[in-house]
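First subunit A sits with subunit B, and in the next complex the same chain sits with subunit C.
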Partner chain A sequence: MQITFDQVSHLYGKGTPFERLALKNISLKIPSGAFVGIIGQTGSGKSTLIQHLNGLLSPTSGEITIGDVVITPTKRIPPAKRKDIGLVFQYPEHQLFEETVAKDVCFGPLNFELPESMAESRAREALELVGLDYEAIKDRSPFQLSGGQMRRVAIAGVLAMQPKVLVLDEPTAGLDPAGRKAILEGIHRIHREQNLTTLLVTHSMEEAARYADLMLVLAGGEVVMQGRPEEVFQQADRLRDLSLDVPQTVSFISRINQLLPDTARLPATLYREEELIAHVLKRLSVPKEC
Partner chain B sequence: MNEENLLTFRNVAFSYDGEEGQRVEVLKGVDLTIAKGSFVSVLGHNGSGKSTLAKLMNALLLPESGTILVSGADTRNGEMIWEIRRHVGMVFQNPDNQIVGATVEDDVAFGLENMGVDPQEMRKRIDEALHSVGMENYTLAQPYRLSGGQKQRVAIAGIMAMRPSVIILDEATAMLDPQGRQEVMHLAKKLNREEGITIVNITHFPEEAVDSDRVIVMNRGEVLMDGQPGEVFSQVERLQEAGLDVPFTVRVRHELVAKGYDLPFGLHQEELVEHLCRLLLTK
Partner chain C sequence: MLQNIAIGQYVPGRSFLHLADPRSKLLFIVMFATLVFLANNSITYSILIAFTVFSILLSRLSLSYILKSLKPVWLLILFTVVLHIFITKGGTVYYQLGSFTVEEQGVRQAIFISIRLGLLILFSSLLTLTTSPMDLTEGLERLLGPFGRIGVPVHEIALMMSIALRFIPTLMEETDKIIKAQSARGADFTSGNLVRRAKNLIPIAIPLFVSAFRRAEELAMAMEARGYRGGVGRTRLNKLRFSWRDSLIAVAAVLLILAIGWWRT
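After this line comes the complex of A and B, so read on.
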């Protein structure tokens, strides 16, 4: 689903001493099927932005279009359309509550009045999508699982709604490297297979570099940069001014290029680690002409 | 009190009751000592026993068997428990779960009030503690308005005011943005160097461990590796098998060496940059 924001602002605590403009005149366009990396410092407006997508927050001014649905300050997203937008909050495992994993994952579909048999098949599918064995896990208590498993069950609960837009707020925070990779690879696979539009909020420039094909950089409630990852990561100084960082691949290449003669420089677009290594190996294996 | 080894684990085991009544072993006979003034990083997959290890260090948990000594005091000695907790401060993952005060200075005062410290002395310690974490200009700020990194620094100030020997960071940077992470790591290094505070940093980020004196790797409740960062991170495959990662520089070098290129081992980007440039230019 294509998502557009047209001059969207959001004011918290309007008319109170705590009034704060959390989003300032945001305009952006996300094509259907994009994998978007959203980065920005704590307090930059990332979470406020994504809560506008499924009607948890309404814009104070401006207009949001998701597919054919238009959201304005007075027009909320129709309830039936909310299931199209799956929102995975930070630490989603804190929201697990049912007695068994299967019941927890079925909760959403049942709530949208799907028949029980269909809800169950959705739960099975969703749990398998996140790499869990349905038969082995369905009757277990979600609270007896490991942190990584709980996180996956919570994500499955959102996937069981079969959303068309998947929004994830730091889905890997607190997980070990193997767990981070498993979750993100899974999300990326689902994104491709189901042709979702995916928004990933992350503090990790490495994760953004690896998965995103479009980047949004937020600062002080505004979108200050947007574009393809290679365009955004080229502006290392600007990102650092925003208290952000570039992936290690990018700082590594820029350091190497400072030491190499102009003709031997590495392309600055190799921000994915495998591509960087493959390029270096290729360069090393080809005998130099000069 | 024993000055050399601040923390001693002797054959420490810990387990809890699982779902079907079975015992789940979290730590299986761990032996280790942590020297006063050192900066130790602890790595390990989720469920490897890292956090249990931390909670045993200040008697939040007690060992099922074996002994834990903090400056010579057994953590099972109920009379010593407050003294032990004052010595061993802990910073947790979520900054919002550990702030109790309505203002920054109230928050830092919390522990001191519990200890019944004299008000004048309290004032002095709060100012010193906030100064040591670089938050002296935020004395009356409301904690909820601070950034994640600043909140963690306030939590560390609360510990510093108690005059601790050890600060344990239990994934204290996991929820922070890059700047917040840098602030906290920078502060931990400074307190270690300038104030002689022993730091135990439990983390999933291998980069944070590169400048430690020592790296301990936990795997399934046991100490898998224990040594200087260079010794530990040079064993790339072994770490990856344990579900862990190595610093970027080590990973890139590993891939190139696997293809037969000759690059010396190094933990810092600058070393790899230099050697790789040489290799690229002489090719």
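After this line comes the complex of A and C, so read on.
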């Protein structure tokens, strides 16, 4: 589904001494099927932004369009449409509460009034999507699982609603490198297979570089950059001004390019690790022309 | 949605009330609460209302924000008003319908009791709004210090209080997060009958308990890691000190006691 923000602002704690403008006139457009990396420092408005997507927060002013649904300060999203937008919060394992994994994953589908048999098949599907063995795990208590497994179960709880837009707020926070990779690879696979529109909030430029085909950089409640990853990474100085950094692949390319003659430079589009390695290996294996 | 509750929420500032010693503020509140219950006519209540308004102005906080602290209790106030109007009898009969009457004493009591409740809540929320939880518990610990000699675990009580106060906003935030996460999974907390609504709270209550226990464990561990071993021999970075502000508060207290004592009937 296509997502558009038109001049959206959000004010927290209106009328209290804690009043704070969290989003300032945000306008953006996300095409259907995109994998969007949302980057920004803590407090830049990322979490506020994504909570607008399924009506948890209403904009103070402006208009949001998701597919054919329009959200304005006075018009909320119809409850039945909410299941189209799957929101995975930070540390989603903190929302687990049922006795068994299967019941917990079914919670979402049952809330949207799916018959029980169908909810179960959805739960099976969702758990398998995140790489868990349904039969082995369905009757276990979610509180006995390891951190990484709990996180996957929680993500499956959102996927079981079969959303068309998947929004993840730092899904890899606090996981070990292997767990991070497994989760992100899983998400990327689901994104492709189910043809989802995916928004990934992350602190890690590496993660954004690896998966995103569109990037949004937020600072102080404003979108300061948006575009294809290579376009954003070109502005390395600006990113550093925002206390953000470019991925290591990009700084590698720019350092190497300083040493190479103009004609032999590495292209800036090689910000994905595998592509860069493949390219460099290919260049190295070509015998030198004398 | 939960940020609107003002109870226990400290608003940093540098007003007269913010800078006064927490001990004098605590003692003053005890005295003020006693006076509120001693007041029994319109003059004494007017004095107390005027004093409360003056204190609110002194705190330099916005009036509307302080009035929000009445929000959770206005139902209670309404309830007592209704009860008094219908049950307390005596004096002129204002209104009669069959055996049911509204009489002068009832209305009088209803007004006074609601003023009492309102003043108590406003004044005590003024304390928490202008005093950081740290100062508040230290003040309490120092005030209760003498009881330590007869075996009262004063430091432990103060510590428990400060932890409780410290975690109110954290748990609120946590609740807010969990409510949002479950709403994103289609949970509905606003419709259905009472039983259904109570059942709908389970997806919030269980994660909240789990996280509260986890936090408690982490906190205990962190305190031990930093060598916490109770109040004995503990020194402080910022010592409480009385200033001219506290003398003024004492003067105000004496004047208020005299005024209420003189005019009450």
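The rule is short, and it goes like this: the second predicted complex is superposed on the first by the 287 of 290 C-alpha atoms of A that agree within 3 Å, B and C clash if a C-alpha of one lies under 4 Å from a C-alpha of the other, contacts with A are read in each partner's own complex, and residues count from 1 in each chain.
What we mean here is this: contacts are C-beta pairs under 8 Å (C-beta built on N, C-alpha and C of every residue); 3 or more make two chains touch, one makes a residue touch a chain.
Just so it is clear, the model here is predicted, and its values are computed rather than measured.
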{"item": "Subunit A: partner with more touched residues, subunit B or subunit C", "value": "B"}
{"item": "Contacts of A:S146 with subunit B and subunit C, given as first, second, both or neither", "value": "first"}
{"item": "Which of subunit B and subunit C A:D176 touches, first, second, both or neither", "value": "first"}
{"item": "Partner chain(s) touched by A:G108 [first = subunit B, second = subunit C, both, neither]", "value": "second"}
{"item": "Residues of subunit B touching subunit A in the complex", "value": "18-19, 44-47, 93, 147-149, 171, 174-181, 204, 206, 243-245, 248-249, 251-252, 255-256, 259, 261, 269-270, 272-274, 276-277, 279-281, 283"}
{"item": "List of subunit A residues in touch with subunit B within their complex", "value": "40-43, 140-141, 144, 146-148, 170, 173-180, 203, 205, 243-245, 248-249, 251-252, 255-256, 259-261, 264, 273, 276-277, 280-281, 283-284, 286-288"}
{"item": "Residues of subunit C that touch subunit A when the two form their complex", "value": "3-4, 11, 61-62, 64-65, 68, 177-178, 180-188, 202-203, 206-207, 210-211"}
{"item": "Complex contacts: residues of subunit A adjacent to subunit C", "value": "12-13, 15-18, 51, 54, 56, 79, 82-83, 86-87, 89, 92, 94-97, 107-108, 111-112, 143, 157-158, 161"}
